[in-house]
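Take a look at these structures.
Common to both upcoming complexes is subunit A, partnered first by subunit B, then by subunit C.
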Partner chain A sequence: MIRRIMLKEFKENLRQGRFRVSLLIVSLLLLIAAWLSFSYFNSIQQQHAEAKENARNIWVSQDEKNPHSAAHYGTYAFKPKYPLSLIDHGVDKYSGISIFLEAHKRNESQFMAAADQTGLSRFGDLTPDFILLFIIPLLIILTGYNAFTRERELGTWQLLRSQGLPVWKLALGKWGGVFLPIFLLTAGLFIIAAVLLGNLQDFGQFNLAALLLMFVVYLVYYAIFVNLTLIVSAISRHSGISLVSLLLVWIVVCLAMPKASSNLADAAFPYPSRQAFASAIDEDKKLGLDGHNPWNQAAKEFERETLEKYGVDSLHKLPFNFDGYRMQKGEEHEAEVYFKHYALLKETHQQQTKVYQAATVLSPFLPTRFLSMALARTDYRTHWDFADAAEKYRLKMQEALNMDFAENSSYGNWAYRADKSLWKNIPDFSYTPPSYGTVLQRNSGNLVALAVWMFVSFFGLRYFTGKI
Partner chain B sequence: MKTPNSSRYHFRYEFISLLRQRWLQFLGFTLLLLVVFSLYNGKQKVDLRMGTINEAIATVKEKDSLGVILLDSIEAGHTVSVPRWYMPNKPNVMGYNYPRVAAMPADNMAMIATGQSDIYSHYVKPTMYGESFELNFTELSNPVQLMFGSFDLSFVLIYLLPLIVIAFAYNILSQEREQGILSLVASHPISLYNWLLQKAFLRYIILAGILIVLLLVTLPSVGVSLFADIGKTSTLLLLTLGYLLFWFLLAFLINLRGKSSANNAVTLIAWWIALVLLLPSSINQTANSLFPVPSRARLVNELRVVNVEAEKKADELLASFLRDHPELAGHEGGSQGWKEYFASQDLIRKEIQPVLDEYEVSLQRQQAWVDNLRFISPALLLQGALNEVSGTSTKHYKNYRQQVSDFSIAWRDFFMPLVFRGEDFTKAMMADLPGFTYQPPAGNSTSTANMIAIMVYCGLLLGGGLVWSRKRSSRALMPA
Partner chain C sequence: MLEAINLSKSYGGHMAVSDLNLSVATGDIYCLLGANGAGKTTTINLFMGFINPTAGQVKVNGLDVASESNETKKHLAYIPENLMLYPNLTGIENLDFFCGLAGKSYDKEQLEEMLIDCGLQPEFIHTWVSQYSKGMRQKVGIALARAREASVLLLDEPTSGLDPKASNEFSELLLSMKEKGVATLMATHDLFRAKETGTHIGIMKQGELVHSLEADAITVLELEEFYLDTMTIAKPQES
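Right after this comes the complex of A and B.
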């Protein structure tokens, strides 16, 4: 019986010109978005590969030079793009694409795409995630807002009730009728994505399970919206009121809550300005060992300790070049300073994340948004991971360069030039993102929030339809 | 025939019925909440921005006074307890360690629209050498916040206001018909069109009145001076009134079709989705797809190659640089290293200019495309105008970047002759140091043009409605 009601609702919807037009428009938009996203992805991937190769070439083709000059010359780490970013662009537009790796400094990632766009870009892009997160819930509302009010307005409700069917079974049938077209539409997009991604060459780790999981996340999100739509339709007196109320729900869930929680997070736990962050680091750096400054108090202290440790009375008698050694110790001190300040920044970020987590109580959009980005590896956590990996690589690279200088030259010999092979011997930067297991573990709060939303809204649907 | 008395009677009747249905109370309360919350958010961002700028200025002042003490001692021939490379009498030390704050303070109306202010930095401290500001002007921020955007007044006006209008006016005619009151109204000596227009107009007046009063009260309370720039204040108010009118007229026209309340709601919402969500994101997408910005990743590598080449040729460069700058030549003092550095910087700047220009050109093309297409949607017109009124538009930040770039050259040029001549920086020169004062771009051409465009939209809707209503008989609106 439930199946019959579902099919009846589905057919009835299909017969409505309005529904057919909306479905057609959304399908078309999804196709356009997928195509644009795919071509954008390809071009970015190509640019990335080219830039990565160029950066490596520039690094290995350096002439013979002092390793510390090479350290200052530095190289670039480019953030890779992952297959599922085809569906969800996440925060990529706002997080920069590359990090400059040089001596003494941990740099922030540079070149966020949004800074290279017009003010209009803040309205959003026509990407699959935009359609999936914002437009399809609207389609659900447009399909289901009158599921119950219509019966009441046409006077068919009493007729239906007289069939002796429990109301919640009827509600389930209506639920299916609204959900089915959405399911088919979403499945269509994900199948297209799977085919496109499966056929891409040199694409790295395309994970079908992650794609399926993302599909399930969106289905749960839509199930919640179908529940909310039917609840509002069940308690509204008129179709018009139901529709306007649902629009209000949509606005709160998809637009107002994300924005308001951003404002609250920023007000409670603001990030320092770039300049203030940099000066705080500079102040801390000055307190410790400066690898370039032998007269610095910490450097003097370190010099004394080293002489004592090796039982010699002059830096010239050390079995290595003290300049390189001091440079390395300075680097280690600076790395600690950066570690401390970035840990503070990360702490702020985590506090902000807690605000978003709290806001998931009022918005199923938020956990869906965060899960989808995390699975696409376009979330802020992945960006942090990448930045941390780049920093780790930078420190290793600095160590290799400083130690080459320390071990292969004598004290005061700044004219020392390392062989070209040194540049090649430092391996290229490569970044492996955390496994999907870790991603899910990190997002357990979002998974729970989404599950709670689904159960509570199903419960609500049963409760409110029972009261009609 | 319509008589003045009957109009007044209808107005009164409508007003009382809205009051009794608690619509007015609901509207007033909702708008109050939205406007206060959004302005509070805007103020919080502006306070943070001004706080960091003032802090930076205070730090610089403090450092300057220490610098002056050091200069005093050095000039008096005393020994000072700072290493050579921190001595402010060396022009390269002064130019690097004692920078000025080149800040972009918040505009009087900055709390209205966050615009691009969360992306870009509001102050930098250009130094005579080192980091290039052309490349990095973005602020340290949580990208999630940038993605979600801010709950500011601009969001309330662009996105939420139309929805309030839709909720308030989607059934002005259909409800009367559905409740069977329309036949009764038709028996009155007033044309149904005029009656409907009056109903819509009354609602418009009420909503506009509440909104304007709210704005006039809340804006000064968060520190916006309404009289600082009367032109801007009136542009803001007219923009709001115009945008509101647009949505009311649209609701009026859709009611005129004589369909059911639910049908009206669906149609209005479809318009809202198209004008506020789909068109803006589609236009943005076309701008990015048709006029893509060249790869920044490529730029990075190109810059490095240019830098290496310049360093290799430092000697030759110095010679040609001095040929171009005879005023700096012929001095014995000064460090050779610094001279070569400045000469190579000059070349690097020249070499990278074409690459940077390429970005500029593609950004300009994007901007021009978007500027032309903005007339498609009143939401775009309002966003552009509000950003301009708030001083947070892309244009403002671009202008600021240019001013900083000019200032950093002036700053460098102040010290370069000293470096080349091998002269010291003296305390007396402190007063002559170049300073930075941000000059906001003059004129509000975009907001004025957008305001007019919104008015034109309203005129077209009103005209269209009139023509249509003449063609259709009142009977079409009556229940079958």
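Right after this comes the complex of A and C.
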């Protein structure tokens, strides 16, 4: 019976010009967005591979030189582009694609795509996630706003009720009638994405389970919107009132709440300015050992401790080059300073995340957005995870270079030249993102929020349709 | 079988139906006459379970409508004054849909035959209902009532606005259902139709059933005179 109502609703919708035109426009937009995204993905993937290869070639083809010179010469860590970013670009555009790795400094990522765009990019890009998150809910509203009001306006409600049909069954049938075209549209996009991603040359990173999970997340998001749409239609007297009310719901859920929670989070837990962040790091750096300055207090103290430890009275009598050793200790101190200040940033991020989590009570958009970005590996957490991995790599690289300098030369011998093989012996940077299990664990709050929205809205649908 | 036992319905202080006692047996067609606002539609709505009584009881085939609303609807077929169907579906699609909701399943040929039997021109069977006249929609309603094999038929001014030919066809359909033992309660303003098709005639005034007659015991002219007299005479006030 529910299936019969669902198919009737679907058939009726298909026979409405308004629905057909809307569906056609959204389908075309999705196809264009998928194509643009795929082209962008391919081009970035190619650029990434070339840049990564070039950076490695430049590193390994260095001439014989002092290891610390090589440390300052530096190299790059490139953030991989993940296949599901084809669907959700997330914050990739603003987070940068590579980090310059050098001695003494933890650099921010650079080459943000947004920096290369004109002011017109403020209007936003046509991407699949934009259509999935903003446009399809509008299509749901357009399809279902008059699901119940139309019955009353047409006068078919009494005939329907006279068939002895429980209203909740009718509501479920109508639910299916609105959800079915949305399901087919979304499934179509994800099948296209699977086919495109399956044909990528760099297929190794693609995970079909993650794609399916993302598909399910979006379906739950749409199910919530269908519930909200039918609830408003059930309690509205007229179709016009229902449509206006639902557009208000869309504005609050998809536009106002995300922006308001962002402003609220920023106001409650502000990040330090770039300048304040840099100067705080500089201040802390000065309190410890400076590898380049043998005269600073911490360096002198370290020198005294080392001489005492090895039972010698001169740095020349140490079994290694103290310059390299001090450089390494200076690096370790700077790393601790960076770790401390980045931990503070992460703590602020955690506090801001709690504000967003609280806002999920008012908007199912937020948990969906966060889950989608996390599964696409285009969220800030993945970016920070990458930045941390790059920092770990930088420290290991510095250690290898400093220790080579310390162990293969004598104190004061800055003319020492390391063999070219040293550059090759330092492995290339490779980054493995957190597993999907970890991603889901980290996003358990968002999963719970989405599930609660789903059940509460279903309960609401049952309750309000029972009152018709 | 339909029964109203001491049935009352009030809206605020206004008694729409007052202490109504009525019984429609199998194969009977009970026609309710009365001016606008007399309580005919309220009575039909009470039998349908669309509204709950303030007092008294309504029964369909022995089942209490208030407590077993969905169950009683399985025995009922309902045709309102202006039967509305889904305009973007064809007549046969509408019939198929509503039959399905009532748990009845027919193939395409059977549905076509039912519509034709009820007088719908074959060329309109597969036409969208948005192009149907009121009479054509009422015929789909009758086809639905027959397809549902309902034992009770509730009609709320079904011939209102129909041309005489369509109205006559409608009456013939009612009589054919009567032969099959269907109990019918019909609210109408059409005295002639009530006399021709009804087995019993009730006259309602200000929520009360003031007269109940055997249709065979009166001529159309007598009915008209009786009806006008009833409408003219003020309802006796309770002391």
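As a convention for this text, the second predicted complex is superposed on the first by the 467 of 468 C-alpha atoms of A that agree within 3 Å, B and C clash if a C-alpha of one lies under 4 Å from a C-alpha of the other, contacts with A are read in each partner's own complex, and residues count from 1 in each chain.
Operating definition for what follows: contacts are C-beta pairs under 8 Å (C-beta built on N, C-alpha and C of every residue); 3 or more make two chains touch, one makes a residue touch a chain.
If you're wondering where the values come from, they're calculated on a predicted model, not measured in any experiment.
In this overlay on subunit A, subunit B fits alongside subunit C without clashing. After the superposition on chain A, the angle subunit B-subunit A-subunit C between C-alpha centres rounds to 90°, nearest 10. Among subunit B and subunit C, the chain that touches a larger number of residues in subunit A is B. In the superposition on chain A, A:M1 contacts subunit C only, with no contact to subunit B.
Using the contact criterion defined above for the overlaid structures, shared-chain residue A:E301 touches neither subunit B nor subunit C, since it reaches no partner. Looking at the shared chain after the overlay, A:E64 reaches neither subunit B nor subunit C. In the overlay built on the shared chain, the residue A:E347 is in contact with neither subunit B nor subunit C.
Smallest inter-chain Cα distance, subunit B versus subunit C, after superposition on the shared chain: 16 Å.
Shared interface residues of subunit A, touching subunit B in one complex and subunit C in the other, do not exist. By the touch criterion given at the top, residues 37, 41, 44-45, 48, 52, 55-56, 59, 83, 85, 115-116, 119-125, 135-151, 155, 159-160, 163, 166-167, 170-171, 174-175, 260-262, 264-266, 269-270, 273, 277-278, 280-285, 287-289, 292-293, 295-298, 300-301, 304-305, 308, 359, 363, 366-367, 370, 374, 380, 383-384, 387, 393-394 of subunit B touch subunit A in their complex.
If you check the complex, the residues on subunit A that touch subunit C are 1, 4-5, 8, 11-12, 15-16, 154-156, 158-166. Subunit A makes touch with subunit B in their complex at residues 18, 22, 29, 36, 39-40, 43, 47-48, 50-51, 54-55, 58, 73, 76, 78, 90-91, 93-98, 100, 108, 110-127, 130, 134-135, 138, 142, 145-146, 149, 238-240, 243-244, 247-248, 251, 255-256, 258-263, 265-267, 270-277, 279, 293, 295, 345, 349, 352, 356, 380, 383. Note for the complex: subunit C touches subunit A at residues 48, 50, 69-74, 76-78, 80, 82-89, 93, 97-98, 100-103, 141.
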